[in-house]
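Structures for review follow.
Okay, so chain A shows up in both of these, paired with chain B first and chain C after.
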Partner chain A sequence: MTNSRLLPYLLIAPSVVFLILLFIFPLVQTIGLAFTDQGGASLGNFRKMVGDINFGVSLRNTFLLVAVVIPLQIGLALGMAVMLQKMEKGRDLVLWIWTIPLGVSDLAAGLVWLSILQDRGYLNSTLFALGVIDSPTNWLSYENPTALFVGIVLAEIWRATAIVLVILVAGFQLIPKEYFEAAEVFGATGWTRFRKITLPLLKPSLQSALILRTVLAFEVFAVVYALGGRNFPVLVGEAYTWMRDNQNDGVAAAYAILIMVISLAATLVYIRLLRTKPEAQA
Partner chain B sequence: MAGITIDRIKKTFGAATALAEISLEIADGEFLALLGPSGCGKTTLLRIIAGLETQTSGRVLIGERDVSALPPKERGLAMVFQNYAVFPHMTVYENVAFGLRMQKADETTIKREVERAASLLHIEPYLDRYPAKLSGGQRQRVAVARALAVRPAVLLMDEPLSNLDALLRLEMRSELKGVLQQSGTTTIYVTHDQTEAMGLADRIAVMHGGVIEQIGAPQTIYERPATKFVGGFVGSPPMNFIRMPVAGGRAALGGFSAPCPGAKSEIICGIRPEDMRIALGRSGLDFKVSVAEPLGSTLLLTGKVQDQLIRVAARPDSGLKAGDIVALEPEAQRIVWLDSETGRAVGA
Partner chain C sequence: MSTKRFLYLTGVVTLIAWIVVPIYLIAIGAFSGRAGVFRWPKSLWPADASLQAMQVFMQIEGVWNAALNSVIVAALCMLFSVLLGAPAGYALARFSFKGQTAYRLLIVLTRAFPLAILALPLTVNFIRIGLYDTTLGVALVHTALALPFAALVSSSLFMGIPRELEEAAWVFGCSRFQAFVKVVLPLALPGLAATAIFAFVISWNEVFAAAVLTVRERTLTAYLLTVLSESPLHFRFAGGFILIVPSVLFIFAVRKYLFAMWGIANR
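Moving on to the complex of A and B:
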């Protein structure tokens, strides 16, 4: 009796210990670090963070990236998922190829795009060979911020659209095909079917994909760092700089807290906006 | 309102033939049931009529109009699906209104037609609810109301009652019949349940292996099956098939003998379990009872006549039990004679 009552707790104990050690404990420590300065409780670290010359730029850049990358990724992934649904043969193969970037680490992905976009990279060699340019262009310099931004957006889309796709494809498979057939029989065109049937029924999956991708997009770092270094400051990059270069754990922790608060806020917004009424669930 | 012509519809999936050149005429306002076991092609035929599946060859005409190449929405039909396919994210009202909205009907028309369909199916109290809050039977009603709200020329139903429990199925069956008779919609109804087909349809097309074995009124299908398959599939328990040697134009087995058509040396006597009388003290087929099952209205006897398994529906008070041996007398005019090789009815 006692054994079987204790067993569930024993079984979840390792994961609880793991989470306490590697998640709760660092979280508490980070909060502590962020709100102490020179041995006492203070908002000094936050004041220093906000007062820094790169703060506004990194905040703006991060939000800009999220605002451009996420809608593009969702749109692309939706399109790709719909196309996969329509395929009769070779669907698994195409899905498999599309999801290859998922297996590439974000730093490696950044380096792949660096090799394409840097001044002696594949893009310039190709353009030069085609006679479009006379000499190598430096796409990734601070003198060319638009090209740098576009490069980062491209790399992020290439790297992380597949995770959205995988979630949406799984969501599609939960929708019985009779819904689409019924809509078709009752006169809905392809576009209407997508708007009135596909999107609403895919809402739970869209919500998961959006939350996951947005939280990760606010944490964007390695790709940006590989392509632009500090020419394109982002929030996590600033946290890294404060800790590594400035040796200031407090301000780095303040950045971490800020990123967490933004991610939580974004998640709450998605949960509210994309709520499926329990009675309207399939 | 429109009649339907199926003109030599053929469907193959790779090397497999799902439908072998099916032709069929359905009159305006008629209720036709496509009856057959799973895999017989009945659902494929329905989906081709709906436009959800493309035929390999042949034509579908609805009300004289060739719709073979048209998408579903231009065929002027409505459909009820086996799993209802009632949209979970819309209220019952919006579900019923869906077809009308797609036709861009104005709000007044939509309201009027939704209320008419809702009252036909008795779902007015649920119009504001979501389907998740409804029982299977209520969802089925919503699916039928959604189909009737557009006043379709043709209504297609794919096993609409098979997901309901037995009692509800019986109730919905008689209600459907009433509603559809009232609306006069041409209906094609796919089912594997022969009692459903018998009870609902004006005519039944029995399908097997991609071909129509027989089309006819339910009673004709039941009493005069054109093939051994039809006799065995329609009716529960199925028809008995007793092989008998023929000599001099008469089939004879044991103490039974009757004139039969055809000139072969063997024939199959098809006879329903309820069409055999127990001939006490007279000669007939010697029937050895091996199992007796009291079913309330009848006593179902299973046993053998010269090693051929047959079933007899006896009177419940006949008092027969396992081990009894009795003489059976098939009612001559109820016998269907079938060719012993092709299984097709002969004579008649």
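Moving on to the complex of A and C:
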């Protein structure tokens, strides 16, 4: 039956063509753009990028955010997943509430936290009521980089922990209940069970969560922009500025390449570090 | 009540508050208008809240058009990702064919790339073919974000529908296509709807590509981003609130599928 041998190819063909046009092709073009300057192949765009005053700061800020946000998110999501596992009543409701931010965009999350952290916002009103401050204080300004950083970290944790939680809860469902029961029979405490059963068997899910979150975290942009404008430069923000304000798509593409290389490197590191042997999977 | 139980409940309630309270606060901000935003110190009670503030926001030039564009883009993205992704998912679920691994790799690979950033070179192409600054152009880029997800999720959906049902339909004289439409599709429909809604949310929330690819025909996110620095606070809060509402409702609608989708889609 030639017909049914051809069928799968006909079915995947549209999506392959689409991905070639809107993924592979722009990818190649981005590389081309980044390595071309004034009509010839050159590293000029990268030199311009590295030479820019905001480059070092944005690179440092982005890495700092990823390094602080990701571990906190994984820890928080693990805690939430364990709590859900113990829950008997109202589990569905709690789960829904905890996953609400899944639908909240990074821009909206930034604006939500702006309403809390602005000078006349709820944080300052609370601090005022407690007698800590006596007039509106500006936390999100250039002069207060630590407070701005903390604000962005809060907004990122608020927004993007939900996706980690969903992946981990899905992973939890794949761990056979018998394992925990057996461990309990042998007298393992809650902590031992967590370390010896939950964590190892959750490794594949942790790996996907880490990859997904890290790639997205290196793309952080709108949260930062909503809270601090350009007071806290990050890599994607710089790419956006070079594109929009400076009309220089070469340097913007150079930033894109840099972000991509970092994302791919992070993905490879996770695949390496959290490798699971096929027979060890649940 | 034991201390342990007390700590546990406190933890759960704190985390619920951690999610819900910020949304409540921006809602007050959105409905309180100018007066509310500048009130000091603020109370947690929505004293200034009125529908008028929201009406004023919706009447600002460009807001309505941007919201409409967002809906159009997200709806197109939803349509494209299901139309392109579901057949691929069906192929992955029902056939073993040469190149299957390569195809899966292509799909998974998209996840290691910051896809939205690839919109940068697309501006040039889009200007050339007339897609720049159109809802269709943005929808295409958003589909590239949602399609890999749609393909993987629908493949797991189809895998969950027994092959025997389809084969029985063939025995009774249905063609492959008829069997699919009459037997498989009705069973897969709720899951496909959930996939579609997820594609909608992905598109509705996307900022970077939408901002780069449009000038006048902005989506709501792109519009808010570009006017952010010059707009008053109550305006920003109203915008943020409007961004949040539909996605939260949609996530509620698909909550049943969320875990099944991610459980398999992340393998």
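The criterion applied here is as follows: the second predicted complex is superposed on the first by the 279 of 282 C-alpha atoms of A that agree within 3 Å, B and C clash if a C-alpha of one lies under 4 Å from a C-alpha of the other, contacts with A are read in each partner's own complex, and residues count from 1 in each chain.
The working rule: a residue touches a chain if its C-beta (ideal position, glycine included) is under 8 Å from a C-beta of that chain, and two chains touch if they have at least 3 such contacts.
The shown structure was predicted, so the numbers you read here are calculated from the model rather than taken from an experiment.
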Practice item. Could you say whether A:I197 touches chain B, chain C, both of them, or neither, answering first, second, both or neither? Key: first
**Study point:** Touching partner for A:L130 - first (chain B), second (chain C), both, neither
**Key:** neither
Point to revise | Partner chain in contact with A:I116 - chain B first, chain C second, else both or neither | key: second
Practice item. Have a look at where A:A41 lands relative to chain B and chain C in the superposition and call it first, second, both or neither. Key: neither
Exercise for review: For A:I53, decide between first (touching chain B), second (touching chain C), both and neither.
Suggested key: neither
Practice item. Have a look and say if chain B or chain C is in touch with more residues of chain A. Key: C
Practice item. Could you look at A:L273 and tell me whether it touches chain B, chain C, both or neither (first, second, both, neither)? Key: neither
Practice item. Once the two structures are superposed, pull the chain A residues common to the chain B and chain C interfaces. Key: none
Exercise for review: Give every residue of chain B touching chain A within the complex, in rising order.
Suggested key: 50-52, 71-73, 77-79, 81-83, 85, 87-90, 98-99, 102-103, 129-130, 132-133, 146, 150
Review point. Which bits of chain A are touching chain C when the two form their complex?
Key: 4-5, 7-9, 11-12, 14-16, 18-19, 22-23, 26-27, 29-30, 32-33, 79-80, 83, 86-87, 92, 94-108, 110-116, 118, 120-122, 124-125, 128-129, 136, 158, 166-167, 169-171, 173-174, 204-205, 208-209, 211-212, 215-216, 218-219, 221-222, 225-226, 229, 236, 239-240, 243-244, 249, 252-253, 256, 259-260, 263-264, 267
Exercise for review: Could you pull out which chain C residues touch chain A in their complex?
Suggested key: 8, 11-12, 15-16, 18-20, 22-23, 25-26, 29, 37-44, 80, 83-85, 87-88, 90-92, 94-95, 97, 99-100, 103, 106-107, 110-125, 140-141, 143-144, 147-148, 151, 176, 201, 204-208, 211-212, 221, 224-225, 228-229, 233, 236-237, 239-241, 243-244, 247-248, 250-252, 255, 258-260, 262-264, 266-267
Check your understanding: What residues of chain A sit close enough to touch chain B in their complex?
Key -> 176, 178-179, 181-189, 192, 197, 200-201, 203, 276-277, 279-282
